[in-house]
Each structure stands twice: as C-alpha cells, then as structure tokens.
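In what comes next, chain A is part of two complexes: it sits with chain B in the first one and with chain C in the second one.
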Partner chain A sequence: METLILVIIGLVGAPLAGGLLAGLDRRVTAWFQSRQGPPIMQAFYDVAKLFGKEKMVVNQWQILCAWVYLVAAAASVALFFAQGDLLLVIFVQAIGAVFLVMGALSTKSPYAQVGAQRELIQVLAYEPILVLVFVGFYMVTGSFSIEAIWAQETPLLAKMPLLYLALGYALTIKLRKSPFDFSTSHHGHQELVKGVLTEYSGPYLGLIEIAHWYETILVLGLCALFWHTNVAWMALLLAATYMLEILVDNTMARMTWRWMIKRVWLLGMGMSVVNLIWLYAG
Partner chain B sequence: MSNLLVLLILLPMAAAVVCYFVRSSSVRKLTVLATGGILTLASLGLLSQGTFAPIEVGSFLGIGSDFLVTVLDFVLLGVIFFYGYKHKSLLVQGFTLAQTVLLVWFEVVMVGHEAVPALMGDQLTLVMVLVISIIGSLICVFAIPYMKEHEEHLGLKKTRQPRFFFFMLLFLGAMNGLVLSNNILWMYFFFEVTTLCSFMLIGHDATEIATKNSIRALWMNAFGGLAFVVGMMLVYAHAGTLNISAMLALGPSGAMMVTGVAFLCLAGFTKAAQVPFQSWLLGAMVAPTPVSALLHSSTMVKAGVFVVLRFAPIYAGTFLSTGIALCGAFTFLSCAALGVGQSNGKKILAYSTVANLGLIICCAGINTPLALTAAIMLILFHAVSKSLLFLCVGTIEQAIGSRDIEDMRGLYGEHPRTALITIIGILSMMLPPFGVLLGKWMAIEASADSNLFVVVMLALGSALMVVYLARWAGSLMGTREPGASPESQPLLIRVPLMTLCLGAVVLSLTSPWFYNSMLAPWIGSAPFTVGFGSLESAHGTFVVVPLFLVLGLGLLYAVKAASGYRKVKIMPPYVSGVNSSADGTYVGPMNGDVPFSTGNLYLGELFAEPKLTPIFNALAVALIVLMLGGAL
Partner chain C sequence: MFGSFIKKSRAKSPWIMHFDCGSCNGCDIEVLACLTPLYDVERFGVVNVGNPKHADVLLVTGTVNHRNKKVLKNIYDQMPEPKAVIAIGACGNTGGVFREAYNVVGGVDKVIPVDVYVPGCPAKPEAIIDGVVAGLAKFAQKVEEAK
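So, the complex of A and B:
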C-alpha cells in the first residue's frame, strides 16, 4: 500500500517537479546572462501550447514512438519510487531512449537521422557509467534495490565520491546540457535544428517534453540517493549539482561526439573504476 | 523413456538418410515436416517425464553400442582427414592425425572399458533438447521454401537439396546426442559429428569463398576436437571414469582434473566461436540463411557453451573459473564493439551471437547459482530471438536482394509483416521485459560479486549492443503508402516466423515459472524466489509480469494512437524550408531538385574491424593462455 502511494506520488509529482525545474533553469540561465527570463511556469505554458497545435507527422511510427517514450519514462520513475531494482530502472528507461531514436530514424529527415545517431552515441557514453554507479551501490549495500540504500547509516557520498562525479557526466548528457547536447541542441543558434527531435511537432513534441521531465527527475533522484540520510543535505546536494550543471551549460561550448566518448569513457569510467577498487578493497 | 531418447537421436538421422536417398521433393518435404513434428512432441514428452538418472544403452544388432561409437569415431576422423587431404589443408590433416593417434592410445592403453551408462538427462539437458528439437525443426521447416527459391536464384541444373537436408537433420540428431551423453566418449563422437555437419553446410553452395570458409571452420573445429581429446585423457587419468555424472560428483579435485577440464572448455571455446576463433562463424555467413540460423541458435555454437556449462561444477572456485569468466567477458565486449562497425545484417547478427555466447561463458565462469541461472536463460532466449532474426534476414534478402541494413531502410513500406516481425525480434534482443535482457540483467548482477574487470566489460558491452540493434530496428520503420498491396509470404515461411516471434514474447512472460520448474531444481541453492510474477533475489528484483502488463498496456495505447494517423496531417521531412515537390529532394542551385540521402554512423575510426580484430585476437590468446596456465 505504501509502495502504491509512493508510485502515485512519483507519477504525478515527477512531471510537475520536472516542469518547474525546467522553468527555474531558464530563470537562472537568464540571471547568468543578465536577462530577466520567462516566468517560472513557462515550461508548462509551452507544453500546453504544443498540445493545442495541429497534429503533423512524417509517418505513424513517430506517434507510436513518442507514446512509448513517455510510457517508459513514467514506468521507470514509478519503478524508482517503488524502490525497485536500480539496474531494471535504467533498463526500462532505455526503452524510452531507444524508441525516441527509432522514431527519428523512421523518417527520411537528414536532421533527425543525424540527431538519432548522435543520441545513440550519447546512450553509449552514459549507460556504462550508470551500470558502474549501480555496482558501486551494490558494493556498499549488498543489493541492487533502492530499498537497501535506506538501510544505510551513513550517506553514500562518503564512500563513493568519484562515482558521484562520474554520475555528473551521465546527468549532463541526460539533461541535454552543453558540452554534451549535440543530439538535440537546446540552444537556438546551433546548426542541427533540433536533432533527434526535428520531426516531432505539436502534441507529440509535448509528450516528449513531459517524458523528458520524468527522466530529469529520475536522474536527479539517482543523485539524491547519495545523501539519503538527511533531507536538508539531500536538497543542498541536488541544488548545488544542478547549479553546477547550469554553470557548465553556460560556460562550455558544445563538443563533438568523439570528444565526448573519449572524455566520458576515459575520465568517467576511470573515476568509477578507481572508486570501485576502493570498495572492493574495503 | 528410452524410446523417446532413441526418437530424439536416431529419428533425425534416419530421416536424414531418407532425404538423401529419396530424391523426390514432396517426400523430402513430408519427411522434414514429420520429423519436425515428432521431434517437437518427443522433446515435450521428455520434458513432461522430467529428469532421469544415467541409463544404459543396449546393443544394436548384437554389436555393443560403446564399440559402435568407437568404430564410428574413427570412421568420422577418417572422413574429416579425407576432406583435409582433398582441400590440401595441412592444419585439418595435422589436427585430425593427432586426434587419431591420441584416441588410439586412449582407447587401447588407457581406458578399462567398463560399462558406463551412456545417456543422462538433468534440467540443463532438457532445456537444450527443447531448444534443439523445437527451434531446430522450425528452421528446417523454414528451409523448405527457402532452399527452393535459393536454388532458383543460383540457377542449379541438379538440386543439391537432398545433401542439404541430410546434414541439417543429421545435425539435430547429433546435437540431441551430445547434450544427452553421459559417457564422455559419446560426447566426443557427437561433438565431432557437429564439426563435420557444419563443414558440409557452410560449404554447401560450393563457391570458392564458401569452400574457403568451410575449410577454416573445419580446421578450427578440428583444433577444438584435439583439445577435447587431450582434456578427456587428462580428466580420465585423474578421475578414472568415462562417466560424466561421476566426474561432476567429484567436483574440483586436483590440478590434473582441472587442467583436463580447461582443455575441454577450450574445445567449447572453438565451437562457440569465442575470440580468437570467431572468424569461422563469421565466415559461415556465406552459407544459406537457414544454416546460419541453425548454427547460431540451436546447434553448433550452443554445443560449445553447453560443454563449458556442463563441466562448471568441476572447476567451481578454481582459478580456471575466473579465467573462463574473463575470456567470456572479453569476447562479449570485443564482439559487441566489432558489431558497431558493421552494416551487413548477417554480420551484425553474427557478432551479436558471439558476444552473447561470450556472456553465457562468462556466466559459467562466474559459477554462482545466480550466474548459472543467467547462462541457461540466455541460452534459451538467445536461441529463440536469434533464430527469428536470421530467418527474418533470409526472408528480407530474398525479397530485396540485399542483406545490408542500409538497403533495408523503410522496409515497412513494402514488406510490413516481415519488417514488423524483425523489429519485434530486434527489440527482444535488447529491451526489457524480454528474456535476453532478463538474462543480461542477471549476468550483470551476478558479476558484481565476481571481478572488477568482468563488471566493466559487461557494462561497456551491453551499451554497445544497444547502439547497433537500435539503429537497425529504427531503419526498418518507414512510411507505407495508402493502398499499397499487402505482403504475401509462403505458409512455411510465415508459420516459423510467427511461432518464433510469439515464442519470444510468451516465453519471456512466463520466465518466472520456467525458472521455478526447470532452473531452481537444477541449481542446489535457488537464487530467486517467485512472487507476483517477479523474480526476487538477494541482489535485486526483476518484476517480469507487472512490467509486461504496464508496458504492454502502454504499447497497446500507443498502437491505437498511431493507428489513427490517417487523421493526422502527413508532412514531408524538414529540409530547412527548401523542400521540393518530389519526395526526398530539396530545391538546390538553379532551382533543380537535389536528392538527399542519409546513412548510419558506423564510427569507423573507433570500431573498424580490420584494425581491431588483430588486437582483440592477440589479447584473447593471452587470456586463454592465462586461463590454461592458471589451471596448472
């Protein structure tokens, strides 16, 4: 029963929180750039507007893929709030990522095709990191399930600081922030139009936007697990992490996929492995 | 009981002889269909009777069956030597001669020839018999219309199908014999029969490249056979018995025993095409597609992983076990990486097979109850999904005349049924809640206890596989013009495809019960408990049925939403506002229509096959030497 309530909180709360965060993100970014920025609720207005638009697609696969993306993102958040298995959470989330790419590939569009290829490379970069982070959780708690983390006395950050930094790479990629935003550039001036999202429009783009909110909350939820013992510290950790993401986003130029793969695999995996060696030795 | 066993091993062999000598296509068709049906029933019958203790096999026509197997062994070695001589392959001749000499010495000097119960059936055997008999039969059925069209393409004057079906059916019988063997000499005999069958089938089209690749397969597997004989001798020298279940009962005891098993595993590696032996399986892609499907899913390579798994109790807890886990994980990673650089559909499938076999072998090496469960799950689900995908590629190839995934772009437009089944097949290889992913999930969770290198290799490899499978599935989707004519498929093509496709979904859904009835009893301490259709262990929980329900309902809704697409405005893709009236072009210089095209990114600079293969082979040889040396 308690699990069910948590799942419902997750399913309803995550998109609301994700949307708010997207609005806040724009305000903070504007503040960095000495602008005023849109209202905090702007993300919701945008999506509401998208749902009012005419339905247009290149083919029917896009409709299917947009819906499956949303369903998978919501299911992974539900599983996360049900304190399920971390590996399973990320595999369910991968369904969404894969369908988003397949929807883009189903069109003949050159922009969507390039975006889809790049999105796959992004998956290639962040997925191994996430698996290693979960192995770190396992080394500390003896289980892959989130439930086991709550039984810990001390915050996990103390035992796996490098894994948290590695997770930061995955977070940057998943949030589609510079320097790793090359599959769906969210800055208007970049050359790829909207990459993997180019051919999604109107209500279908709205679905993808909501799914993205779910995913944002999921990845931040993973970060939150590193300081589960105290809500205040957890909030502070998340706020600091997200501020850092925005700062990086605004100070870094977008890089190529080659640069990303090398950085994330060498540095990200390197840090993860070093941290895992501590845990294996300890 | 023994009638069923005779059916499973001898019926396909008898049917093979019928196919070879009765040169009528309708008799052949009937024989293959009937054999497939009886094999399916017999394997299910064996399943319903459950496991059985090792049993004796009497004599045929007054000749002791053990003696018969020995005689056939030497006949077989003679045949293989003959082909080595005919094709002037010194490697084949050398490996075969060495095998013969060692085998003579073994049979004459070493073995006491006591009576050994020849056949046994534990849960591992039963699962393998199911895979071989049902999936193998479906592939043979599919081959009936496929080979007809194949020969029409080749324009042969005289059909070679009798020979083809002879070896296909013989293969099934030999595989059933292999997995049921309790006498290690019997196992060796059937092991060698599969070598011969694969050689004949790979070289079936008798083109220059087919012959070349078949000889490579033959020498590599002859090397495996030699390793098997050496392993068998060492194990016998220590254990003093040919009885496999007696050996398993001994457990890890003594360096000679473990070294012997190390050689048996090396034989398994060659058969399962582990790096550096992967080239024979990739070369086997020149064979007609049903052969590839058979080799990759229910026979040959599964014989390799079966041998490694069969002897797992003997090397539990030894360094050899770690070595096997490392070799398997390395194969998983390296072949997943090599797959990224490929655009040939069959090659992609081949690399993904080798990678998955590596994962299975890695699980055998990790050797915990959880890992062994993962290994059998992977064997079963990989067999279903991979046979389906090979048959799909065969169907597509006959429809569009290419096996390149770039040529399959938008296949849904012309061949919706085939494209849809292929997409489902690809998804069943990589996403939850399907069985292959369930196995992968178990493998990763099991590897966390094992070894840091293994974990890292598994994490990287599984991400790499997503890349090449996802882009293939996406490319198959496309626009179907209104009023396009429906796709027609011959019945004997459609039935195997639909059965395997349904099988992939239904078996995945029922995996908790499959686990409960087949795997939990096999492994002494069951790693999972089943509750609410979920598999729960101390490591974590996979919510199989709930996930099926949630994702299934979601998918249904998505399909319903997508089926209303006629009400949605269909637009041409965005090309920066310069679309021309013709589809797939934009308005270019001089107001002319310029066609555009797109292709997948194969990341050539990172994953080029010619560049990576020598490096991977060298590393793999080093790992195998480590594995064998560490056993001493």
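So, the complex of A and C:
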C-alpha cells in the first residue's frame, strides 16, 4: 500500500517538479545574462500550447515512439519511487531513449537523422556511467535495490565521491546542456534546428517534453540517493548540483561528439573505476 | 478546465520563426534585437525557433520575389494550426521601394495570408514587439471563431 502511494506521488509529482525546475532553470539562466526571463510556469504554458496545436505527423511511427518514450520515462520514475531494482529502472529508461531515436530515424529529414545518430552516441556515453554508478551502489550495499540504500547508516557520498562526479556527466547529457547538447538543445535555431526533435510537432512534442521532465527527476533522484540520511543535506546537494549544471551550461560552448566521448569515457569512467577499486580494496 | 488553460497558454507561449525573403538585413537585426537583454522578449515566453513545425508565429521580412515565394509558402504550410503571420518593414508589407522591380512579387500577403503589418524601414524593435502582441490577440480570436 505504501509503495502504491509512493508510485502515485512519483507519477504525479515528477512532471510537476520537472516542469517547475525547467521554468526555474530559464529564470536563473536569464539572471546570468542580466535579463528578466519568462515566468516560472513557462514550461507548463509551452506544453499546454503544444497540446492545443494541430496534430501533424510525418508517419504513424512518430506517434508510437513519442508515447513509448513518455510511458518508459514515467515507468522508470514509478519503479524508482517504488524503491525497485536500479538495473530495471535504467533498462526501462533506455527503452524510452531508444524509441525517441527510432522516431527520429523513421523520417527522411537529414536534421532528424543526424540528430538521431548524435543522440545514440550520447546514450552510448552516459549509459555505462550509470551502470558503473549502480555497480558502486552494489559494492556498498550488496544489492541493486533502492531499499538497501535506504538501510545504510552513512551517506553514500562519503564512499563514492568520484562516482558522484561521474554521474554529473550523465546528468549534463540527460539535461541536454552545454557542452553536451549537440543532439538537441534548448536553443533550437542553432545548427541542427533541434536535431532529434526536428520532425516532432504539436501534441507529440508536448509528450516528449513531459517525458523529459520525468527523466530529469529520475537522474536528480539518483543524485539524491547519495545523501539519503538527511533531507536537508539531500536538498542542498541537489540544489548545488543543479546550480552547477546551469553555470556550466552558460559558461561552456558546445563541443563535438568526439570530445564528449573522450571526456566521458576517459575521465568519467576513469573516475568511476578508481572509485570502484577503492571500494573493493576498502 | 484544461481547455481554458490551453487557450490561455497560447498567448503566453508564442514561438516565433523568422524568415528573410531577401531583406537588406535591417529588419532582421531589429527582430534579433528583440531577443537581446535590452528588450528581452523571452519575458513573454517568446522563443526563437528554427523549425516551422515548432513555430506559432512567422515573422517575414523583405520583398517576396519569384524565387523565394515557393520557399515562403512551403514554410507556411509546414506550420501546424493555429498560426499567425506578421509582415515586417516596408518591403514585407508592400514590396517597398523594390515593388516595381521585375523580379519582385510584392508584399508577403501576395503569397500567404498576413495577420499583422509592422511598418518601418527598418521596423523598430518596439514596433515588432507590438506587432507580435497584436498578432497573438488576432490569433486567439481566430481560434475562438474556428470553434
């Protein structure tokens, strides 16, 4: 019964929190650029407007792919809130990510095609990091389930600080922020006119936006697991991490996918492996 | 309730797309000036998108000629309803000083329906913002009438 309530909180609360966070993000970004910025509720206005637009699709696949992306993102958040198995969470989330790419590949637009290839490379970059972080959880708790993490007495950040830094790479990629925003970015007029999202429009783009909110909350939830013992410290950790993300987004230029693969695999995986060896030896 | 929220949201989230039909670049830089911190139209939820499939408002500058009229029509057709078109500057409105030229079709309204005309050579950023606001009011009215 308690699990069911948690799942409902996750399913309803995650998109609301994700949307607010997106609005807050734009406000803070505007503040960095000495502008006023849109209202905090802007993300909800955008999505509501998209739902009111004409349904225009290139082919039927796009409808299915947008829905599967949303359902997979929501299901992974539900599993996360149900304190389920972390590996299951990541694999369900990966299904959604792959369907988003399939939807883009099903169209003939060269922008969508290139965007889809780049999105695949991004998935290839962040998935191993996530798996290594889960291996770290396993080495500390002896289980892949989130319940085992809650049973720990000390915050995990003390034991896996380098894995947290590596998770930061995954967060930056998942939030589609600079320097890793080359498959699609918030500034859609740049380069690929929105890359993987080029051919999605109207309500289907709205579905993808909601799915993106779910995924944001999922990755931030993973970050929250690193300081599960105290809610105040958890909130502080998340706020600091997200502020750093916005700062990085605003101060970094976009890089190429080769640069991303080098950084994320060498530095990110290197840090993860060093931390894992440390956990193994200790 | 959700329906009325969608209706309200339309005016609060206009995603603009900007198309230059061979303008002298005067109106174009004024359009882009609206997005700078001085005018900051993002306050009103305006986002400059590069994709007609995501756009609500089409801003057109420059004279339409026989070569780019097809492109303009194509971009307009790719925008999902409801949508609005705003012609900017003397050239966009009527063809300006080039209207008699042999390759010039005339104003934007010769090819696609225009909702708002923003005068000026070049149009001031204030006038463009006014035009977008007037365009949104018109487009809300259009949606009402369609129902």
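The rule we apply is simple: the second predicted complex is superposed on the first by the 280 of 282 C-alpha atoms of A that agree within 3 Å, B and C clash if a C-alpha of one lies under 4 Å from a C-alpha of the other, contacts with A are read in each partner's own complex, and residues count from 1 in each chain.
One rule holds for everything that comes next: a residue touches a chain if its C-beta (ideal position, glycine included) is under 8 Å from a C-beta of that chain, and two chains touch if they have at least 3 such contacts.
On a predicted model such as this, the values are computed, not experimentally measured, just so you know.
Once the two complexes are laid over each other on the shared chain, residue contacts for A:240 go to neither chain B nor chain C. In the superposed model, A:46 lies in contact with chain C only, and not with chain B. By the touch criterion defined above, A:151 reaches neither chain B nor chain C. Within the superposed three-chain model, A:37 lies in touch with chain C and out of touch with chain B [touch as defined at top]. Looking at the shared chain after the overlay, A:198 reaches both chain B and chain C. With both structures placed on the common chain, the touch criterion links A:56 to chain B and to chain C. Which of chain B and chain C touches more residues of chain A: that partner is B. Applying the stated contact rule after C-alpha superposition, one finds that A:12 touches neither chain B nor chain C. Once both structures are placed on chain A, chain A residues 54-56, 193, 198-199 are touched by chain B and, in the other complex, by chain C.
Put simply, chain B touches chain A in their complex at residues 410, 412, 427, 430-432, 437, 441, 444-445, 448, 452, 455-456, 458-460, 462-464, 466-467, 470-471, 473-475, 477-480, 538-543, 547, 550-551, 554-555, 557-559, 561-565, 567-576, 583-584, 596, 598, 600-601, 603, 605-606. Within the complex, the chain A residues that touch chain B are 54-61, 63-65, 67-68, 71-72, 75, 78-79, 84-88, 91-92, 94-95, 98, 101-114, 116-118, 120-121, 123-124, 127-128, 131-132, 135, 138-139, 142-145, 193, 198-199, 258, 261, 269, 273, 276-277, 280. Residues 2, 5-10, 12-13, 15, 37, 40, 42-45, 47-51, 53-54, 56, 80-82 of chain C are the ones touching chain A in the complex. Residues 26, 30, 33-39, 42, 44-46, 48-49, 51-56, 188-190, 193-194, 197-202, 205 of chain A are the ones touching chain C in the complex.
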